[in-house]
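One chain, subunit A, appears in both complexes that follow, with subunit B as partner in the first and subunit C in the second.
This part shows the complex of A and B:
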């Protein structure tokens, strides 16, 4: 009796699986068709569209932008406002993760081999990140790449058993997270206040303002990536618990 | 020191809430004070902007001092400004309400920076003049909204908002595909320049039409147009009250604004009657289905969420009428009626959700069947629900009464009489669901010795509801001026 019902259930399961497979196959075919149509349209647009797009213009104005790398010029000068909001998106993501609760405890302390490797790799990553930041001025590189490398250092530190991923206590960490948007916004608003216009760098100062913004952005991006990998609000230290207790008392 | 009065408010409307978000995130212990200050400052900037647009027409600025083609532009025309002023007044009301809403200090500290980021994204979206900048703003809006919606921390809320986040991402990516196609075809991202290029060149019709489909589909997902509304009711009904108000009154409206902007400004040469008819049919289905589900809802917040689905549907009914009406005062009035409907719903739904939150905190639940005696215990709150409910129905003198009136008038004049049936059905259903709530709330319970009064929470709800009924209904003339239209005498 139970055997037959078991067999019936198995058969029903197999049928359901088959149906799910058919459905996903159908979906795959439809999506492939959609992709083909989009590719065709893209070719049409590329072929018949306005030929001089923005690349020529961006290269022509490069000497005024304060940097030699066109990608950096687009990111931090021509379309600086987009980058400012992108940094805010990263901030929103981390704040969203933090709002869901405290971080999971993390991994156990690494063994000697991993610990030895980490003590080699992390300093290298920090140096490489500094290089990436500086080189972004005239060659491929910049704040996002540098921040990603520095953030990766944080990830490795957490994998090796440090639950904080190398980040400081919560109060300081909050300042690191907002640093990118804060410096970017203050530079932009400051320029507006002194008559240059929002995010309009004077050509003489452009290089140094961009370097300032990129450095702050690197730190903020690295902190955001590492904090996102930690996956929750940092565990409060002893001092913070006392502080919190006094704060919530009526 | 140098202030350029004509362009600074444009930037400040976006940068002040962003700066506020940074400060409240960095100094969580002073979040309420800093957040409230920034909310007031942002609203002041928005009001200044409105006055400027009122006096001198469309404002625009190309950021960074580069030429229009290379730079990101911000611009404030009548349509954008009308929505900005609505969003910022509602935002101020939500901020005042929220400063007393969260009991748990952790939630309070998480709320403020995310809320100010949401606010910055809303203003940025309304004022953007650049296709890719719009995408970035959409992204910020979506992430901040989903994070805020999950703030209650309950399993339902997190599940609903995870779905909201994923759906929102799908919508953004679809929009971004459209942006990539448009940039390839027209070589610029500036809205005005792309619009000029689309109008001048009809060889790329296939590309333009496909882009229209991609962008509108992506944004319709975000605007919760029937049948893409499935994510909205659970996400909006499970969020904390001030967040529900922001999501339902503002965030959904922002996606609709973008559809309208693209439809009217960018793709005017491409949009045909058939496309408008299809969207309006979906809108009609949303009106009937949303109102019906609202009537059947067991919880007050779910009722409000389904009512949002219906109210968004009304806005889409205007598209075929706009397509059928030649340019002139009649079309201008129709456009103003559309904006009036959107703005009225913003105020009314925010007031409704805020008042509902108060009912929920006081009664401990929001089951409609057990609301008896609410009118006796919470007289001001019940009044706010009744006021905003009458604006949702479209009773005179609310703004939506004028909006629906002009909609039906135009439907008959252009021979599309069937929309009148949809509007009437929706209005009757809305009356039924609002009066269902009110008949429970005004039960024959004994009057208690003490009323519950909570000015900080009740006044914003009441004022927002009052604006939707009295101010927008009785004094909607200025809206015509703000939109830069001639026929101001109709209302």
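This part shows the complex of A and C:
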């Protein structure tokens, strides 16, 4: 009796496996067709020659944008609204991560060799990040690249055994995380007060406003990336625990 | 044009490969990796689209789109990874 039911189960399992294999094979064939169609369309589109595009417009108005790098001009001037909301996306992701609970514990303290390397690499990353931020005005670079470098410094610090990834206590960290959206929105609203549109920079001030926004965005992006790597709400600091007089960690 | 087609075409192939892996493999980690490969393919295509010929500066608009896309992909991946880790921890607790 048990033998027959075993055999039946085995047969059902084999059939399910076969069906899954058939399905993935079918999917593979369909997707290969999709890829061929996409490649053909792409080839036809390239063969058709250049259509009118935004590049001419973007490059023609570059002198008024306050920066020499067209990509930075697109990001922080022409399409500043997109970048503002994108910083909000990053913030929302960190809020989601924090709402899922406390951060897992960090790694053990690194040995002498890794600690020595970290003490060299992290200052180098900070300097490189500042350079990236400044160079974004006239060459490839900008807030996202600078923020990624600074965030990478945080990741290295956490890998080397600091559970906070070099980030400050939670209250300060909250300010760092919202800094990008805050400064961006305040500059936009301030410009509205002075009669310009939301985030429509006057050409004379554009360079400095963009530098201000990019600096704030760099710090916010770096804090968000490092906080995302920490992977949870930071543990309450020692001072906060002492304030409440009890251990409030969950 | 050949280089542009090869670069963009490689992006399309990456996209389709990522889509296949996303649909076929059940584990969440593999799905996240597949999503990122799909995203990488899209970035490839956008960068190929920005090319406007030798000696002409590339179109900055697709480049800005790629930068934006990378940040969104990183934050979505981070959120997905933490969600997956929490789900697994919840399953283990029962």
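Heads up, the rule we're going with is that the second predicted complex is superposed on the first by the 206 of 250 C-alpha atoms of A that agree within 3 Å, B and C clash if a C-alpha of one lies under 4 Å from a C-alpha of the other, contacts with A are read in each partner's own complex, and residues count from 1 in each chain.
FYI, a residue touches a chain if its C-beta (ideal position, glycine included) is under 8 Å from a C-beta of that chain, and two chains touch if they have at least 3 such contacts.
Computed from a prediction, not measured in an experiment: that's the story for all the values here.
When both complexes are overlaid on chain A, the residue A:161 reaches neither subunit B nor subunit C. By the touch criterion defined above, A:82 reaches both subunit B and subunit C. Legend: residue contacts after superposition of the two complexes on their common chain; A:101 is shown touching both subunit B and subunit C. When the two complexes are overlaid on their common chain A, residue A:68 makes contact with neither subunit B nor subunit C.
In the superposition on chain A, A:130 contacts neither subunit B nor subunit C. Residue contacts after overlaying the shared chain place A:232 against subunit C, while subunit B stays out of touching range. When both complexes are overlaid on chain A, the residue A:27 reaches subunit C alone and has no touch with subunit B. Once the two complexes are laid over each other on the shared chain, residue contacts for A:54 go to subunit B and to subunit C alike. Residues 38, 42, 46, 50, 53-54, 58, 79, 82, 86, 89, 92-93, 96, 100-101 of subunit A touch subunit B in one complex and subunit C in the other.
The residues of subunit B lying in touch with subunit A in their complex are 1-4, 7-8, 11, 15, 18-19, 21-22, 25-29, 61, 63-66, 69-72, 105, 107, 110, 113-114, 117, 120-121, 124, 132-133, 136-137, 139-140, 143-144, 146-147, 150-151, 153, 158, 177, 180-181, 183-189, 197, 203-204, 206-207, 210.
Considering their complex, residues 24, 27-28, 31-32, 34-35, 38-39, 42-43, 46-47, 50, 53-55, 58-59, 70-71, 73-75, 79, 82-83, 86, 89-90, 92-94, 96-97, 100-101, 104, 142, 144, 221, 224-225, 228-229, 231-232 of subunit A touch subunit C.
Every residue of subunit C that touches subunit A in the complex is listed here, in rising order: 1, 4-5, 8-9, 12-13, 15-16, 19-20, 23-24, 45, 52, 57-61, 63-64, 67-68, 70-72, 74-76, 78-79, 81-83, 85-86.
Considering their complex, residues 37-38, 41-42, 44-46, 48-54, 57-58, 61, 77-82, 84-86, 88-89, 91-93, 95-96, 98-101, 174-175, 177-178, 181-182, 185, 188-189, 192-201, 247-248 of subunit A touch subunit B.
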